[in-house]
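So that you can tell them apart, the chains are marked A, B, C and D in the order they are listed, and the count of residues begins at 1 in each.
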Amino acid sequence: MENPFGKITTLEQAMEYFYDGMTLMFGGFGGVGSPPALIGGILDKNIQNLVLIGNDTGFPEIGIGKIVSRKRARKVIASHIGSNPVAGELMTRGEMEVEFSPQGTLMERIRAGGMGLGAILTDVGVDHEFVAKDKQKLTLNGKEYLIETALTAEVAIVYAKKADPFGNLVFDKSARNTNPLVAMAGKITIAEAEEIVPLGSLDPEEIVIPGVFVDRVIPSCGVNWKWAWE
Amino acid sequence: MGIDVRNRMAMRAAEEITSGMVVNLGIGIPSLVPNHLPRNIQVMFHAENGIVGMGASPEKGWEDENLCNAGGFPVTTIPGSSYCDSAMAFGMIRRGLVDLTILGSLQVSEKGDIANWIVPGKKVPGMGGAMELAQKARKVAVLMYHTDKNGVSKLVKSCSLPLTASNCVDIVITDLAVFKIKEGSMILSELFAPYTIAEVTAKTACEFSIAENLRFIDYERN
Amino acid sequence: MENPFGKITTLEQAMEYFYDGMTLMFGGFGGVGSPPALIGGILDKNIQNLVLIGNDTGFPEIGIGKIVSRKRARKVIASHIGSNPVAGELMTRGEMEVEFSPQGTLMERIRAGGMGLGAILTDVGVDHEFVAKDKQKLTLNGKEYLIETALTAEVAIVYAKKADPFGNLVFDKSARNTNPLVAMAGKITIAEAEEIVPLGSLDPEEIVIPGVFVDRVIPSCGVNWKWAWE
Amino acid sequence: MGIDVRNRMAMRAAEEITSGMVVNLGIGIPSLVPNHLPRNIQVMFHAENGIVGMGASPEKGWEDENLCNAGGFPVTTIPGSSYCDSAMAFGMIRRGLVDLTILGSLQVSEKGDIANWIVPGKKVPGMGGAMELAQKARKVAVLMYHTDKNGVSKLVKSCSLPLTASNCVDIVITDLAVFKIKEGSMILSELFAPYTIAEVTAKTACEFSIAENLRFIDYERN
């Protein structure tokens, strides 16, 4: 495969972007659409003290859950951790900090980071004891809103169905979920693709994330976990 | 052949759905609702992970891990379905374009407050998308057992658990009865056979009035 | 064509949503991607005193420009009016109010309206004498931002390549431009489609705007203006 | 066969482009830049209306009104191109992912302020996307004539026209010379043949220093 943008690389080389204590954003929703090879690479490289940002903490042995369950995260920003009891235990024992954001607000915070905005204003949770806690409020036209700040990360990892050498991404059905948003929000974005196709073989209309947002593309080894429903 | 309690609740919830609606279903009992819809109804089921137009569960062996609902369980799609990212899925909710959400809950207050995101010191799941759905869906229906395992009413004067959202529930369907919440007051509107007003009152820890045209539901007779 | 959602209608029936003094948001960029039949319908119905929201005012006889040039707008919110000299004259003579928003900010304000957000925070124009004028500012992490408020409209009109009976929309190349954003921001959204196709004939992956956001679909008569470059 | 002034400016601007860049071109002279790129260079031209990967202008008769650049003129696309909405196109700009923008301007100050969106009382175009591009592109190149129709310098100590953005211009390419702006100071780095430092100084209404290794550009000789 021609690699004129130098973006296509190996898992080994991509792992150079990962280090202890970093902020890591991950695509996926309940494990669906999380990048298995990159998650495996992070575990193998024994990265510690991660600050994880993503929708949820997966299941104990599915998706990002594999990292959380092995105590590699010191903090998680997510909308829920309900499907991963280990995450709940770690939080309760004070071994992992968890910041909850309402799911839709979290998505907009991630998108705002990707779009270079500072924050968004929403009335979701504006009267809520936990959600509104310690947040600035602002009144517009007599209505009160929360200032929900943008989120970015040192590295964002996503899972795509197809990628081309420019890093243009196409996703698969509901495995799209948070991936397009996360793909835009990384200072460095690494996409793991089921298939890497030559430049020009993706229809310009079908591309969901233009390669402008993507720094590295690696081939996927396929999902290496068993699904909760299996 | 009897209809089990969960399916009876789901059958009643299905009556809330009319053709053309965009509907979001929570996990658990709400996921049974589609099984009880008339065949010719045109409904678009919405999922927070970015699906509009979910269909039935796939046959065993035909599951696709990249086609799951917000609970992570395999689904199918119907003609007219589409995929989007989760930000757009929540835009639909926030804009009030989801006509109906059917949620489970831990408690509902007589004013329509809902508490379904946290049990202090125990299971701590986080709010997920429940806050947006409860606060923003045009109609909020709660499907839950009337009492917890210890027989304590989940219908309460004021929620003791942390709220998900306040003043948002429109209808509560339990295993015993159906309540509507209008302008901050709860009205008993329907009873499932064979329960009586007295039985329901005894098991309910909040005030409610009784609808003039109280309906008795007996799906096994109809 | 089956019409199970009742969304497919005629231009005549769609015109019932338009009235004097209304707020109207329109898709398109320099006229490209603006809905010709709906613009014609608005002219024919002689709608007056419009508040228009969109990227620009087209060319005098192209796109929304046809409405602006005929003095049907009392106010325009846009990023520029440079390609329509009539708009400039009306503004200079005080016959039409113009509110300028930086283009990217305008797009985010429209999207915020569509997504049910109250505003976005951006540093674009934060020190700018015109852009920052009369706007609230907010400091986050030591950085100053402008509060840019969400925009919605009574009716939004867009131009699509294909629509199905649920109102799912697909656009054509760069005629996509502002259309997906505008499609989400209308209290009522009316899509004019080059082609209306049966339910199920669009690939769920290719749909750019889910029909959830679309209230009415009408068939297009095709562009009835000559392009500036012709 | 001489190279006209506009193409000479465009040729110099093309030298700013290296392989792998994402580049946004303004209307007017900047649109000539792609004609002067080496064949094997891999550049993605970005347009605010939602294109990444624009190619050359189409042959006459092959124009597509639904495939136009931000100025409304027909273009083509290259392999690897994609379409997006304008919000995403500006997200790329705001995030600093556009490596280079080449803009026209009415005035540029010695500190790198740019004024290109309004002429008071006359033509009032609005800022369009120029504010984001000037403020956020990684590198901002201005292509403009050195003086206006009346011979008045467009390079100024301080802009008299309303600013588009301040302290953002990295390089100015005029019909006479090339200036770089570093840390708020302007440096004359190149002269187009046959102009001299004296001629450029006489036509420039602001301070500038002269680069040690001043380059003389004569594209017709090279």
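Basically, a residue touches a chain if its C-beta (ideal position, glycine included) is under 8 Å from a C-beta of that chain, and two chains touch if they have at least 3 such contacts.
Just so we're clear, the structure is a prediction, and the values are computed from it rather than from any experiment.
Between chain A and chain C, the least number of touching-chain steps is 1.
Of the two chain pairs shown, C-D and A-D, the one joined by more C-beta contacts is C-D. A straight line joining the Cα centres of chain C and chain D is 29 Å long.
Distance from the chain B centre to the chain D centre is 57 Å, each centre being the mean of its Cα atoms. Mean C-alpha position of chain B lies 36 Å from that of chain C. In chain B, the residues that reach two or more other chains under the touch definition are 83-84, 87, 90-91, 93-94, 136.
Taken residue by residue, chain C touches two or more other chains at 108, 115-117, 122-123, 171, 173, 204-205, whereas all remaining positions touch fewer.
Contact residues of chain C toward chain D in the complex are 29-33, 55-56, 59, 78-83, 88, 91-92, 98, 100, 102-105, 107-108, 110-111, 122-125, 127-131, 161, 171-181, 208, 223, 227-230. Residue ranges of chain B in contact with chain A, taken from their complex: 47-51, 63-74, 83-87, 89-91, 93-94, 117, 121, 123-129, 131-132, 135-136, 162-163, 165-166.
On the side of chain C, the complex with chain B involves touching residues 4-6, 114-117, 164-166, 168, 184, 199-200, 202, 204-205, 207, 210-213. If you check the complex, the residues on chain A that touch chain C are 108, 112, 115-123, 136, 138, 140, 143, 145, 147, 149, 170-171, 173, 204-206.
The touching residues of chain B, counted against chain C in their complex, run 19-20, 22, 42, 44, 46, 52-53, 77, 79-84, 87-88, 90-97, 136.
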